[in-house]
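To keep things simple, chains are lettered A, B, C and D as they appear, and every chain counts its residues starting from 1.
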Amino acid sequence: MKIHEYQAKEIFASVGIPVPRGEVAATPQEAQRIAETLGSPVMVKAQVHAGGRGKAGGIRRAETPKQVNEAAKDILAKPLVTHQTGPGGKRVNRVLVEKTVNIANELYIGLAIDRKRRSSAIMVSSRGGVEIEEIARQDPEAIFTEWIDPTIGLPVFQAYRLANYLGLDQAQTRKVSSLIQALYRLFAGKDCSLVEINPLVIERSGEVVALDAKVDFDDNALFRHPEIAALQDESEVSPLELKAKAFNLNYIKLDGNVGCLVNGAGLAMATMDLIELVGASPANFLDVGGGADETMIENAFCILLSDPAVEAVFINIFGGILRCDALAQGIVRAAETVTIDLPVVIRLEGTNVKEGRKVLRRSSFHFSSATDMQQAAALVAAAVEGRRA
Amino acid sequence: MKIHEYQAKEIFASVGIPVPRGEVAATPQEAQRIAETLGSPVMVKAQVHAGGRGKAGGIRRAETPKQVNEAAKDILAKPLVTHQTGPGGKRVNRVLVEKTVNIANELYIGLAIDRKRRSSAIMVSSRGGVEIEEIARQDPEAIFTEWIDPTIGLPVFQAYRLANYLGLDQAQTRKVSSLIQALYRLFAGKDCSLVEINPLVIERSGEVVALDAKVDFDDNALFRHPEIAALQDESEVSPLELKAKAFNLNYIKLDGNVGCLVNGAGLAMATMDLIELVGASPANFLDVGGGADETMIENAFCILLSDPAVEAVFINIFGGILRCDALAQGIVRAAETVTIDLPVVIRLEGTNVKEGRKVLRRSSFHFSSATDMQQAAALVAAAVEGRRA
Amino acid sequence: MSILIDQTTKAIVQGITGNEGRFHTSRMIDYGTKIVAGVTPGKEGQTAEDVLVYNTVSAAMAATGATASIIFVPSRFAADAIMEAAEAGIKLVICITEGIPVQDMITVRRYLDRLGTILIGPNTPGIISPNKCKLGIMAGYIHREGPVGVVSRSGTLTYEVVHQLSQLGIGQSTCVGIGGDPIGGLSFTDLLIRFEEDPQTRGMVLIGEIGGSAEEEAAAYIAERIKKPVVAFVAGRTAPLGRRMGHAGAIITGGSGTASAKIAALAKAGVTVVESPANVGATMAKIIRPNNRGLLIA
Amino acid sequence: MSILIDQTTKAIVQGITGNEGRFHTSRMIDYGTKIVAGVTPGKEGQTAEDVLVYNTVSAAMAATGATASIIFVPSRFAADAIMEAAEAGIKLVICITEGIPVQDMITVRRYLDRLGTILIGPNTPGIISPNKCKLGIMAGYIHREGPVGVVSRSGTLTYEVVHQLSQLGIGQSTCVGIGGDPIGGLSFTDLLIRFEEDPQTRGMVLIGEIGGSAEEEAAAYIAERIKKPVVAFVAGRTAPLGRRMGHAGAIITGGSGTASAKIAALAKAGVTVVESPANVGATMAKIIRPNNRGLLIA
């Protein structure tokens, strides 16, 4: 789960990590009022779940409260298009208005899970404030990493060694070492999948402050952090994705015209790959999961059909935990409640496949049936062509 | 560090471990008022740092508030003599007045450090409410132990297996399993050296409740738990011991007449053993520690001299970190501020011994000097005899 | 011979009294798997699908001498269930459960490594050695006994590939899902070497997907250690950048972990990488039975 | 030969810039110990007693190839310092610091065991191989080189015993304080077997104290594995029941851990147990030099 920069900074502040003074605003008037309280100059920062806001014009410096009002007006209630949002961009509902800081030095700190080493990893660089992945590619030596054994936790000496690498003076090194310890406690304690500060700024006064803040959480662990789960901004998720999530479905809207309903992420991706191979284009990724029941299938089918871009539906199920008869029941129940005027191709295989096929055959629902993926994909491609012709 | 039962129960309650309803009282009137609020019958329990209170008459059942008043009057402001207090007993300053419970079943739960396995150990028995050490000796099978790897923590399955051993019904097993998890979090989180509930009671209603509570803490870890350090009841410590503690000295008052000042616990114990071997008796254990400085030595010497039971002083120092010259300076400074009319035997060896002996020689302070322990002990015995004669 | 399990494997089912546990216990028994006990705390003495239930794995172990465990307990309790099995002395644990927090799995892996217990999963369909033993949720009937080892990060995509193989008359020695989670048990390389050393296995199918670096590591390992032919498919070539695709593993970050990077690494290691997921079986058929008639062309 | 350390040992001092660190560094250098670097975070580039100081152990290791470390840092930071030394590749760590929380030491021991690092202490006077190397805070001049291995839970009581030995002309192969804390590094048994295998050592002195079961474990081990003569003294026979005597170890709980239980166990194992702490040297002298004149009688 992603949260906004301003939310991440509130968490930082609560665990003793210094952040610039600032507040979040939903309107230009509010933004202006905040700037009047803080004193100018300030930064006005679009709050959306996407990187690359700066280059896209989503981060502005304002010298006066009036300029703050104008900057907020420019940004708010409009889509911001960055390299991560896709061409449609993301609508900005809030801006963070923040006091500027006098930057002496920009550093980078990141915490993530290293799958290969099966550990948490803490990375630091003295070249913060830029595209860190670019740095990592061009000059791997510029990034220093410590791996943390979770059964031990973060020993102080590792935090100190990270801070020490940055070449700061003794007081700053001590501050950064403490900050890294606080970050790790946050990362481990709240089941984060990513914590990143880029840049971590050394101010001209010598103070250390997190100028940006990015915190992602492990969805699977949210059950033990209800206070974190409550931070989710549902406006960041497309309405269909939100609906799918409420039904425990994994749905992602894409740009094509073939609606897919598949069980298992791997088969779903393979199905999308195959749709492209036969010349069509997937309208979505939809994994009903291994443990789906009738009702989930029914809901999944209804979500698919409610996407106006969908011109044909490809249901590809290979039953394991998900039994084919349950799938069939779900589809038949959905077909009884919604009008379906699209071609539907169903490919069914696996656990209880005979019972599943029987259920479908006995229903009044019209669909094409395929016994293998290749045939199914061909039928789907033909159906799309047919509707176009 | 030890705390009182009522303090341990307050901690239990704060982490969700059920305890009987009750309150602590310093006067019979207060005790009676508490009983009137709680409703009778109640238990009146002496709050002192010593086991064996029940047999010593420190735990009374009272059927009416008036009986509570009488019981409290019997117990409060008097010394309670148990097998752990020594013949002088311990003065009772507070009683815990607690609602009685309907006991269906008495269990035992204890958490401690197992030195041999270098782990925490959790022990349970279905034979609670009695001398558990006696049970452990007679019927080791009656106690079931799980060892906890601190780098993993307590997995739920181990807590469940402990609870499951007790032969309770499913709901009670689940409650006890949760309670064990809470106890372990307390034990590990607050650096306890011992957590014990004896008995843990299953009430006739099926509820689980900690009828007694014993929690000891690792003194060395108190620096990270100021809220625990604040629970220390200084009235439980003898005034001289308290004074010694304030000076970072390890002092324990004993019953003999030879005051000892030694560096290192092992040498201090050996010195006491030797004093007994030569027919005298130590008035105290006093370890000034490896890292003592002049001021600590001065304070230690003054504490020794302020004990009226002391008839002779035996200073036995083998310098390691503690340098003999620092020791000598401390003794000389103390001798300059206090009148010393007791025989003092000093045995000095180790780091900077020459400088130390020089300091003593140059001072106006009168003492006997010995080069080995045996000789020193003989001098001390003779001095005590001499004063007696 | 198969790898990891065979007709002598005696397994317990943790979470046997749940819906899925009960359903798949019945299917595994039907397949011929020796399910010797079940474990659900608080249900000791009951039976589920005629299997006796115990409160703890150690009690089930003491009574049956089980050698493996398959886990169906809910995600909040699954990490604990894996550790319980390992601590009780089970040397092979298959965890079907998905949705276990990543940090829990990091601890579990260290715990298991210390005890010398092998884990398959979590978030896996399990393992099957056709006609010998099935410890998983795959449909048994799609499998045939034969010479191909299958190892996969995906569940249903594996069924698809196995189905293709069986339809073409090519059986499997053992099929293992390593699970789609970032931190799990056996890796591609752990299994490839076992297949390499297994006399029954003549070739292997590797099914990867975007995210992580498991396929790149497998490629490096294959180049160095694997002599038998390997056919691979990598799912997710058309998945959009930086979007979560259901498995935590399936996130493309930067240039690493992309399908094209994985495909390139595998191809460089001498692996036959198949473009269409519908052609994996046919490709393996061509390699393993080059002179057979009636084969589809990849 | 000595055990664990000798004239080739190259050591760093962690906490070298503190008062005690500086003082004992100077003493160790005077004794002839090769102190090759010091470590104090934030003091890199300074010198202490002419020894170059580094910020981290790994930097000190990289620069000097040290083989041992001796730790003088305050108790709150000492557990971390031990782990830092082990992680940097130091294989022998001596921790002088006392007052480290018990639970920290439990974790430290597991960390060190995984890395294969040996710990002496904490709360120990250290280790000395007379005339070869001193990594500790004992007064060097009381030691003589010779045939007796000394192992002790106590600090100053060890100096006392060593002094007795040296005064009688009996030197020591190596003297090791195992420290008085409940959880530490090398145990009595770990050291007894090293002395048993050390050609220089002809006899051993074991100095125990009340609390815990280290002496009982040593007794069982001696009965089984140790052929060389062992002389023991156990301090605390007159210590009152259930009172804390300075070492966390020195708590008598119930019947176990009493001086009499320990003495009985050691005597049963064939150890010569001495009643008076003033007679340990003389007793060893009688055993190791039975025909020598002028010996005190135990």
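The rule is short, and it goes like this: a contact is a pair of C-beta atoms (placed from the backbone, for glycine too) under 8 Å apart; a residue touches a chain by one contact, two chains touch by 3 or more.
Worth saying up front: this structure is predicted, and the values here are computed from it rather than measured.
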### Query
Which chains make contact with chain B and with chain C at once?
A
### Task
Between chain B and chain D, tell me the centre distance in angstrom, where each centre is the average of that chain's C-alpha atoms.
28
## Note on the structure
When centres are defined as mean Cα positions, the distance from chain A to chain B in whole Å is 55
### Task
Could you tell me the distance, in whole angstrom, between the mean C-alpha positions of chain C and chain D?
52
#### Entry: Touching two or more other chains - residues of chain D
107
### Message
Can you list every residue of chain A that touches 2 or more other chains, as numbers and ranges?
### Response
151-152
### Query
So what shape is it, when you link every pair of chains that touch: line, ring, star, complete or other?
other
#### Entry: Contacting chain pairs - touch in the sense defined above
A-B, A-C, A-D, B-C, B-D
### Summary
Given the complex, residues on chain C that touch chain B span 41-42, 55-58, 77, 80-81, 83-84, 87, 107, 111
#### Entry: Touching residues (chain side chain B, partner chain A) in the complex
151-152
### Query
Touching chain D in the complex: which residues of chain A?
152, 155-158, 160-161, 164, 170, 173-174
### Message
With touch defined as at the start, can you tell me which chain B residues reach chain D in the complex?
### Response
84, 86, 113, 115-116, 118-120, 133, 137, 149-151, 188, 191, 193, 218-221, 223-224, 250, 252, 254, 262-277, 282, 285, 287, 289-291, 317-321, 349-351, 353, 372-374, 377
### Query
Which positions of chain D touch chain B when the two form their complex?
20, 24, 27, 75-76, 96, 98-104, 106-107, 109-110, 125, 137-139, 142, 152-160, 163-164, 180, 182-183, 207, 209-210, 212-214, 217, 233, 235-250, 254-255, 275-279
